[in-house]
Amino acid sequence: MNDTQVARPLMRLITHVPGVTWVLLMLILVFSSLSGNFLRAGNLANIGEQSVVLLLLALPMTFVIMTEGIDMSMGAVLSLTSVVLASTLVATGSIALALSAAVLIGLAFGVFNGGLASWLKLPPFIVTLGTMGVAQGLALVATDGDSIIVGTQLTRLYTTQFLFLSLPMWLAILSYGAFHVLLQRTRFGTYVCAIGGNRDALTLAGVSAGTYHVAVYALSGAMAGMAALVLTARLSAGHPSAGIGMEFDAIAATIVGGTSFERGKGWLLGTLLGVVAVGVLRNGLNLLNVQSAVQVSCIGLLVIAALLFDGLKDRA
Amino acid sequence: MREPPLLELRGISKTFPGVKALDDVSFSVYPGEVHMLLGENGAGKSTLMKVLCGAYKADLGQFFHHGKQVQIDSTAAARELGIAVIFQEFSLVPYLNVAQNIFLGREPSGYLPGTIDLKRMHVQARRILDQLGLSLDTHTLVHSLGVAQQQMVEIAKALSQKARILVMDEPTAALSDRECERLFSTIRQLQADGVAIIYISHRMAEVFSMGDRITVLRDGRRMASLMTGDATPDQLVQLMVGRSVDMSYARNFCAEPGELLLDVRNMSASNGVHGVSLKVRVGEIVGLAGLVGSGRTEVARAIFGADRVTAGEIWVCATRFAGGPEQAREAGMALIPEGRKTQGVALTRTVSENLGLASLPKTFPNHLFDPRKARQIAQALIQRLRIATPSPERNVQVLSGGNQQKVVIGKWLQAGSRLFIFDEPTRGVDVGAKAEIFALLDRLVAQGASVLMISSELSEIVHVCDRSYVMKDGTIVGHLQRAELTEERVMHLAVGQGSI
Amino acid sequence: MLKPTSQAKFIFATLAALTLPMAAHADGERIAVFTKNQTNPFFQYVRLGAESAASQMNAKIQHYVPTKPDSIPEQISQVEDVVVKRPDAVVFIPVDNKAMVSSVQKMNAAGIPVVNVTDRIESGQIVSFVGADDFSLGLETGRFMLKAMGGKGNVVIIEGVKAALSSTNRVRGFRKALEEFPQVKVLASQPGNNQRLQALQVMDNLLQTHPQIDGVFGTNDAMATGVIEALDAANRKALVVGINGTKEAVDAVKAGKMLATGDYGSFLQGCFGTMSAIRYLRKMPVEANVVFPASLITKANIAAFDVPAEKLVCPKWESLIATK
Amino acid sequence: MSYDANLMKARLGNLMGPAFYRVLAAAALCVALALVNDAFLSTNNLLNVLRQASLLFLLASGLTLVILTGGLDLSVGANVGLSACVAGTVMQSTGSIGLGIVSGLLCGTAVGLVNAALVTVLRLPPFIATYGMLWALHGVTYAYMAGATVHGFPPAFRTLGSGYLLGVPVPIYLMTILLGVGTFLAQRTTFGQEIYAIGTNPEVARLSGVPVRRRLFFAYAASGVMAGLASLVYLARLNSAEGDIGEGLTLPAIAAVLVGGASLFGGSGTLAGTLIGALILTLVLNGMNLLTIHANWQPLVTGVVLIAAVLIDNIASRRTESRA
């Protein structure tokens, strides 16, 4: 058994590098060689800003999946919270108030999901599928399908530059940092891993696994509220269907990044890479003006290719 | 008389829907005492442990700590009293590292609330591992460790709790004799420090070498508590099973083995074993001894086709064998794997489904499945192997370890296998069932089958096998005939001092 | 990981990107055309119109279509990417008339002229708007059907996607028409989400509760044809109208299964949208606001519309002025 | 309890699976609807509900097999989309029903084989591999249809979806046959036994000599075939196909299987259960239409019912466990 050496941080990094890393490198290579615009600072900023919302969703999704769960309601909750945020902003004119309202609503949905999944032991997939419908419905009821325009103040916030980066970028960076610390250096992170890996062990250690399990979903809901801020600012409007289907992108980015549905195996950096890879691909294909139908297929191929790399690595 | 016991349980009762798991059990343990807890699987040992560590709440009964009454209604309360448990089903988290596992739930806090002081955690973990003489890196993810190492981590975890009362459930089940020795010395050390130890075991040797006092449970009741000095093995067994069991596993060894059944020639496999050659003849029980991690399980898997063979040849009944488990089954091989719950039986399927699984093509050649027939077959096997199950439609989950093992064996009997590869057939199996299983082995070979048996318990190898191969570092380092088969020689070869 | 065809596209695209200078010029302008999705025939006709116009005036078209149908975030990203690529002009169908305002402003800021087509953007500077009036389309189609019903009877409405402006306005138009016919009763207004199957099953279900349905108003042709299937399967008769004037609707009208379909002039929208963009670049006069009068496709005038897609060609710019 | 009683119970369990309490849920739903709307209990409406459920069931049945093995196939909807478009276009261009049907089935099967290869040969995690396929297939479909719609098929073909036989819609017969064959396959063949074993613990199955990968391969291939078959029925029912015909079919199908009592971890679930699931989902839609619930509320209601269905079952079954 010389697995022992394998686990030294550096070695661990190398063996853990998911296929997406290589795919990402290839994409960057191809696009930068084919399109003069690709590596322009402006365009890189584009890719960054286009990836922020997805990252804010994919980070908590990674945690959820590490607990052997899934949150299908994320996209719908994102839409709902963006509507809530927009209407509160219009009503009160206070961004802080609007944001907290959105985060609270998201939190509520998260707690509901977590409660059913953890305490009642219902299958998360179907539960969150249900809450997805609920959130969608509420968003429609609240807006009657119309979008809610918000004032310029949010847009101004969105475009504010600070140390060469726009605020959304900073939000993304901070969130990633926060989640990294959360996973590596806090009880919460350790227990997230344990819930998926061996829930009984956690309970026997006197930790109330249920509470942490719910907290994971709550976090995912709250982050959806956070993402709503960026999304709404981006649209300068709240829209009842703006976030539809985003949960799948988040899941894909997470899995492609090397996180697994089993035994609490998760890798946060992989998730980041996954998110960026999707952003780079879409942006590059647009720059090269690849026909949209082909773009659609490319996204599928990206996912499969990344997994293939992993497969080869495992076999080697 | 000595000071009041460190912990005393009086009249503990615990009932689950249907079963009375514990019935008025009283039990006490003194500082510096090793109190052996014996009993067949299902006798109530594990329930008692769960009550001790607060995982279950007793319906009736009182607890006394240093003579004054206390409540143990939660794992937290138990830890308050300094009670720590080493479970047999590992309570480890695969994708956390060794240190994180050792301190799970008790991580040293960092500056900010909720944060962990990683440095301190790893330092402390290191200290405990050194104490156990383990060279493990504390950053290793547990899933990449072998069973034995995981068991040691499990023990380290318990030690780290500065426990005053340490409960161990078959701690040596997965350990090689050498590792056992290290564990025993640690235990003696703890004893000297006045730690009270409750030790569950099926191995008589341990019971007598380690134990100060012995308590025997049967059917949730306490049969007896006696000092080790006053006890004899037969007496204990009788107390456990309620009948006397022959412990010598005496069998009429096979005088002139039949034709060559399995012939492995210089085999190497993807799982790391290399240059393995061994022969098994009809009517033989051949041992495959060696330390845990010496590659015995890997050899078994390679022969059975579960792992890829990269070089060499396997011949079964004079025909070249190649391919996977499916072909192995066709060739009349059977694998009774080490990890019974994960590889042997499908826990959430019924006894009859499990019994039928390996013989579907044989029993239903036209692919049409007939539940009634499957049921009759299951019934027959249940009677033949004396499998204790309320009905064939019960999930295997509810069966005791020994009976689950019988289900695995029955599965292959039904498949009409001739060559049985047993990997640790008696792990976590109680004395009664153990004897039955060996009797079964004897019957098998008598009826013209043959057996390749892996075991970490040298006594088993020595008592049961006609001859034995010894492995070290992924290859075979020795071959002992019946006459030369002694625990010492096996050990010598296994640890690589001198060869024969 | 890409198919050879798309690799070829790479090379072509890069050549284009390298050879073409940034400034506008009399010939070969690059026009970026934004449509909502790849699945709705309507936008296919817009794209065809744009290409036909471009080939007439030899400009180059680049299409931008969200990979997720009608995805707002995606269209926003595409606009950002286009701003990087700097085409000479943009023909823009916003997936949402409010949420896309910021994107239009981005293009304004980048100095890229924008011609707004189909859905009128809430604010932001545009060279011109080319489109049809959903409200009056709903009104006219509705009126036509209600007249045909003899001004009395029961009708049901199959709504499109809730979040889409066009559907809402068409329904509003239809309800306006209803005011003129007080004896007509609306039995139900249910969502078909522009999906054929949903519309069909909704109709199936409505047919159960309502023994007498005389007219059905579908806010687009796909749903209207779905409704017709449902009626056929149940051997029930009712007058059905849709809107958009797609190929299948035209066929249905010809076959007498559909009463009429509102002509959305999708092809023309593509034509004149693109023409306006190019003319603007070439400093030629353009109409600030081109709204096609709501016209219907019925058995009476069917011949004029029964033309295969590949045969369609843009009319001259002047003909547009004539229609006004 | 006597052995035979045990056997009976086991048999019943096999047929109903853990979905028993969902049957009650479905029944409760029916009663409620019957009380509030008298049209509900009419034979016509019940047949109508069954026909709509059968479409969903066709898709869900193949999926059930995959989920039983502990896998998942997210590409079924996209597969239906592509297969329908292929079948439709082939039928139009060749005018031959047979060719159309064959091409549709072949297309579905081909996709199924690709999925099977990805999961068993390349050993990719099913959830995400089939998600990749979903995108790939959408892309191919969009490119293939280029926004066009193919419609108008021979009546003989359309009976497959909208025809009646002895007053009962044809799809219902298909559903019944499928249910029978599938249940037989699952309960009365060694294949079924092996599938359940694989779903429960693939390693145990493998070490018992079960050809795990061959069985998995078959499961995904079968799911593809079923998608192909379903596509034909959809096509016949809709009498037309466009690029987005497959959109939004997958989640309802998965929901049907899970509401039907199957577990995503594999090893538990039955076709009968899936049928119940499909019925519950269809009843909700039917009920909402009959009661003409406002469009905005419909997703919400569906969501609530989904959760309620699993909740009821969960609580009820827990109660029985504690009694046993």
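First chain written, first letter: the chains are A, B, C and D, and each begins at residue 1.
Keep in mind that, in the parts below, a contact is a pair of C-beta atoms (placed from the backbone, for glycine too) under 8 Å apart; a residue touches a chain by one contact, two chains touch by 3 or more.
Owing to the predicted nature of the structure, the values given are computational and were not obtained by experimental measurement.
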Least hop count linking subunit B to subunit C through chains in contact: 2
Each chain counted as touching subunit A and subunit D at once: B, C
Selected pair, greater C-beta contact count between A-C and C-D: A-C
Chain whose Cα centroid lies at the greatest distance from that of subunit B: C
Separation of subunit C from subunit D, taking each centre as the mean of its C-alpha atoms, in whole Å: 34
Gap in Å, rounded to a whole number, between the CA centres of subunit C and subunit A: 34
Separation of mean Cα positions, subunit B and subunit A [Å, integer]: 43
Touching two or more other chains - residues of subunit A: 140, 144-145, 291-299, 301-302
Per-residue multi-chain contacts in subunit C, two or more chains: 38, 67, 162
Contacts with two or more other chains, residues of subunit B listed in rising order: none
In contact (per the touch rule at the top): chain pairs: A-B, A-C, A-D, B-D, C-D
Residues on subunit C engaged by subunit D in the complex (per definition of touch): 37-41, 43-44, 47, 67, 69, 159, 162, 187-191, 195-197, 200-202, 204-209, 222, 225-226, 229, 232-233, 246-248, 251, 309
Contact set on subunit D toward subunit B in their complex: 3, 6-7, 9-11, 187-194, 196-197, 200-201, 203-211, 267-268, 322-324
Touching residues on subunit B, where the partner in the complex is subunit D: 17-18, 304, 306, 324-326, 328-330, 335, 337, 342-350, 353, 356-358, 360-361, 364, 367-372, 375, 391, 393, 411, 415
Complex contacts: residues of subunit D adjacent to subunit C: 37, 39-40, 42, 44-45, 48, 51-52, 135, 138-139, 142, 145-149, 151-152, 162, 234, 237-240, 242-245, 247-248, 285-286, 289-290, 292, 295-296, 298
Of all residues in subunit B, those that touch subunit A in their complex: 53, 55, 74-76, 79, 85, 87, 89-97, 100, 104-107, 110, 114-116, 118, 136-137, 139-141, 143-146, 149, 293
